[in-house]
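Note that chain A is present in both complexes that follow, paired respectively with chain B and with chain C.
And now, the complex of A and B:
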């Protein structure tokens, strides 16, 4: 049983990690495409329209890969997590169906119109289709986050005698206090990714002295969006999320902050340190006293319960992974603010386009927002363990009882092989698009 | 479980068939990027719409009894989806960008 659970979780972790490479870019990019299109409508400067069309091509490739890699996710609810689907289908079925029917259809239909219909529709309607693509992709995020928010902080349901969850109050699903901060944090993080991708392509063009006009536009837009979104990811959205974890999942909060023992007065914030699970302490730690209490409750001396206050079986089952995921996310977020702040300073001084080390740094930073986004999700998902529905349904009770670990391992290997092919195809397509660069439209 | 893998393989077949068709019949081609995107959606559309006739991944795996014939039909329909997708999208594209309509 433990083997089964391990392989089912491993397969889900692998497929969702690979899948989330794509939507995190499309959600952020859709906002930036709308911005370019809006700029074009206002100024009638052709380069903004060409930039929107260029990034819509990258959007379309990502969107398609997101669809392909999303299909196994949908299947896995039935194959690997049949008990979870059976017990909670009355709740998560609502939000997931709404995601498919409202957001995905909206996004895909208007994406096709945006790509093919510019000449037929005229510029104002073309802008509107771009806006509806943005709306569809963000609504998609909203419904997925509503599902996850219910799993993190279950509300608006009733549990029947047979253990099935049924919806008791529909509006509570969408007014869940977990949902709005999680959604805003997630969306801002996806804007960070797309801003870094845009800035990185811009830096690449400038360094290669190719499509330089677009290079400067992409770099400037990427840096401005990157700094604003990096700041918003940290405050207020990240701060709001952390407060929610402290309020609704205090054991998880202690684990992700690495608080093994409850301190008498204020809790310190750990900057660096390695969890030592045998001695129940942090090794080589660098910490600042009382800061965590202040950040969480705005009180310097407020006590924060450590892991010693909770039963072991109520705490996340992989504390080091949770701790490192959280700290990698926070550390990278801080680096993003620093780099984008520096880039904006030199942009203001009109020197950015000539500082090659900074351009190289921005270009090579592009994988890191992806890592930050994914470790952020690991923090949320590892933190919810050992539950699928926090406090109510254990992960071990949601797994399919008849699927063997061998079967899961075999298909996992299959996914690894197929996703490698898909990954290569994705890189080839995106590489070709970037290499070709924005092409002027024929009007 | 293996059914999920089959669904991914059939999408890949859709991608390959759309690209091959685009190579052979240039008038329908959208280039590597476009053909790939159309291949994905063409194959998914056809398999999702008609797979229930007996060749979707769950019928192929039929409680662990792997059915080769159904797999071949699935892959064939998937390939057809890629090709038909390319033809239809090209037609729509031409209609939408028809200069005489403006």
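And now, the complex of A and C:
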């Protein structure tokens, strides 16, 4: 039984982590493509249009990957989490089906039109198709976040005697106080990823002295979008989310911040330290007193309950993983603000394109926004443990009752192998596109 | 309300099989009949341009099934765990083949991905047929063994096969001789459908030959269909009850029959679009007839202990289904609009369309 739960969780974690490499880029990138397209409509300068076309190619590769890795996500609710699906399908089925009907079709139809239809429609219509792709991909984020928000903070349902969750109030699924901050935080984080990808490609072109006109455009646009989004991720959206966790999941809040013991006179904020689960303390701790109380409640001496205030069965089952995920996300977010701030400063002084160390840094930073996005999601998901539906349905009660651990391990290994191949394909395709560059091909 | 969602999901699934069916079929045709590089390339393209927007329909069907019939979704997806995951792998693997093929110019490279595209298309067609076969045959709900139920009454788990490979065995597996027959019907149908698609959308040099292929496959389909109807009676004795009680349901088998008979005149059909419509009719008729023979059951129980899963005992709450009706109608109208816009733009032969890079 223990093994079964472990493999089911590992398979979901592995497949969703791999899947989320792709949508986080497409959501942010679609916004930036709309920006280029809009610039082109305003200025009629050809390079903006070429930039939009180039990034739509990268978008399309990521979208394809998102589709093929997304289908297993949807199926896994049924295959590995049958009990969860049976009990909550009447609720989260709503938002998931809406995602399919409203956003997926929109995105895929207009993506094809954007790529193949530029010559057949005018530029204004082409801009509109780009905008609809953006709308579709963000709507997709909205519905997935609505699903997750219900699992984090269940609302609008009643529980029947047989344990089934039944929808009671549809609109509450979308007015859930968890949803809006989580959605905005997630979308801003996905803009961070796309901005870093764009800036990184720009830096690569400049350093390589190839397509450098586009290199400068990409770097500039990436840095501006990157700084704005990095700031918005931290404040107000990140702050707002943290307050929500403190309010709705206080045990999770203590665990992710690494507060083992309640301090009467206000909680400190931990910058560095390793959770020691045996002695229930942080090793090698560096912390600043009272800051956490201030950040969370704007009161220096406000008491924040530590993990000692909660039953072990109510706390997340993997506290170190939760703690590290959260701190990696926050740490990386801070670095992003610093690097992008510095880059914007030099851009303003007209020096950025010549400062090689900074260009190299930006180029190699590209994996880190992905890591930050994914550890952010780990924070949300590990933080919700040991529940699937917070406070109401335990993760161990959601697995498929008939699927044995041997079968799950078999399929997990299969996914690992197949996704390695898929990752290779992805890198080949994106690498080729970047290498080819945005200069229009002459036929 | 259950009935509405049953029909809506059936419709979306049928659209999925019509659309993704032609690119599965194109893969099967590619595997057996495309010999020249130019033909291989253009057939790959005729699938490669469209497969991802076609598979959106599968995602939509899955989401709707989850929303409207959560108990069925949970039961079937966990019960058919292994075959379903294998289908997922094949879908991913097939996509890899389609997207990888054009990336390098070496012949050997192309050969590898050609085969992977063809074989995974073939296996997917087979598995989808086998899935349908399992649904009409029914499963051992509750995992009853010697009169004792091992699971709750709406759960089960099927191994890939039982050593007897018989649908009449005490614990039949996913693959038995009956489901294989349905699987073969699916393969042949989709091959015909794919051949029609290739003729319709490309100028490949095998287009002329494919009409003869369709004719021969149609003979095979007729034989398989007649054979399956005979054994169907043995496997699920109640399968004709619905048709005798409600004779208007016979319209579905008639749709199937129209398609099959029509395709015997493939060599006389001038407009390729008409031929494509005929193979579409076979798919529509095949799926709807199978569903109609079971209705309102969606998964029969083969033991006496547990009742069949029906659209009524697996549905979500009335309130949920009614709310979903409102957004569902809006959603379907939008999808219809996108679909029309897209089809108008992507009509015609695709030989000169830019695919890949």
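Note that in this section the second predicted complex is superposed on the first by the 440 of 443 C-alpha atoms of A that agree within 3 Å, B and C clash if a C-alpha of one lies under 4 Å from a C-alpha of the other, contacts with A are read in each partner's own complex, and residues count from 1 in each chain.
We take it that contacts are C-beta pairs under 8 Å (C-beta built on N, C-alpha and C of every residue); 3 or more make two chains touch, one makes a residue touch a chain.
Small disclaimer: the values here were computed from a predicted structure and weren't measured.
Three-chain overlay on chain A, with chain B and chain C in a clash.
Residue contacts after overlaying the shared chain place A:287 against neither chain B nor chain C. Within the superposed three-chain model, A:144 lies out of touch with both chain B and chain C [touch as defined at top].
Of the two partner chains placed by the overlay, neither chain B nor chain C lies in contact with A:295.
Touch criterion met: A:104 reaches chain C, while chain B stays clear of it. Contact with chain C, but none with chain B, is seen for A:167 once the two complexes are overlaid on the shared chain.
Counting the residues of chain A that each partner touches, chain B and chain C differ, and the larger count belongs to C.
In the superposition on chain A, A:135 makes contact with neither chain B nor chain C.
Residue contacts after overlaying the shared chain place A:432 against chain B and chain C alike.
Within the superposed three-chain model, A:344 lies out of touch with both chain B and chain C [touch as defined at top].
In the superposed model, A:159 lies in contact with neither chain B nor chain C. The superposed model puts chain B in the path of chain C at one of 60-68, 78-86, 240-248 or 330-338, which is 78-86.
Comparing the two interfaces of chain A, the one with chain B and the one with chain C have residues 57, 64, 67-68, 71-72, 75, 79-80, 116-117, 120, 403, 407, 410-411, 414-415, 418, 421-422, 425, 428-429, 432-433 in common. Interface residues of chain B, counted against chain A in their complex, comprise 1-5, 7-9, 11-12, 15, 32-33, 36-37, 40-41, 44, 92-93, 96-97, 101-102. Chain C makes touch with chain A in their complex at residues 52-53, 55-56, 58-60, 62-64, 66-71, 73-79, 81-82, 84-85, 88-89, 91-93, 95-96, 99-100, 103, 143, 151-152, 154-157, 316-317, 319-320, 323-324, 327-328, 331-332, 334-335, 338-339, 341-342, 345-346, 353-354, 357. If you check the complex, the residues on chain A that touch chain C are 57, 63-64, 67-72, 74-75, 77-80, 82-83, 85-94, 96-102, 104-106, 108-110, 112-113, 116-117, 120, 166-168, 170, 400-404, 407, 410-411, 414-415, 418, 421-422, 425, 428-429, 432-433, 436. Listed in rising order, the residues of chain A touching chain B in the complex are 57, 60-61, 64, 67-68, 71-72, 75-76, 79-80, 116-117, 119-120, 403, 407-408, 410-411, 414-415, 418, 421-422, 425, 428-429, 432-433.
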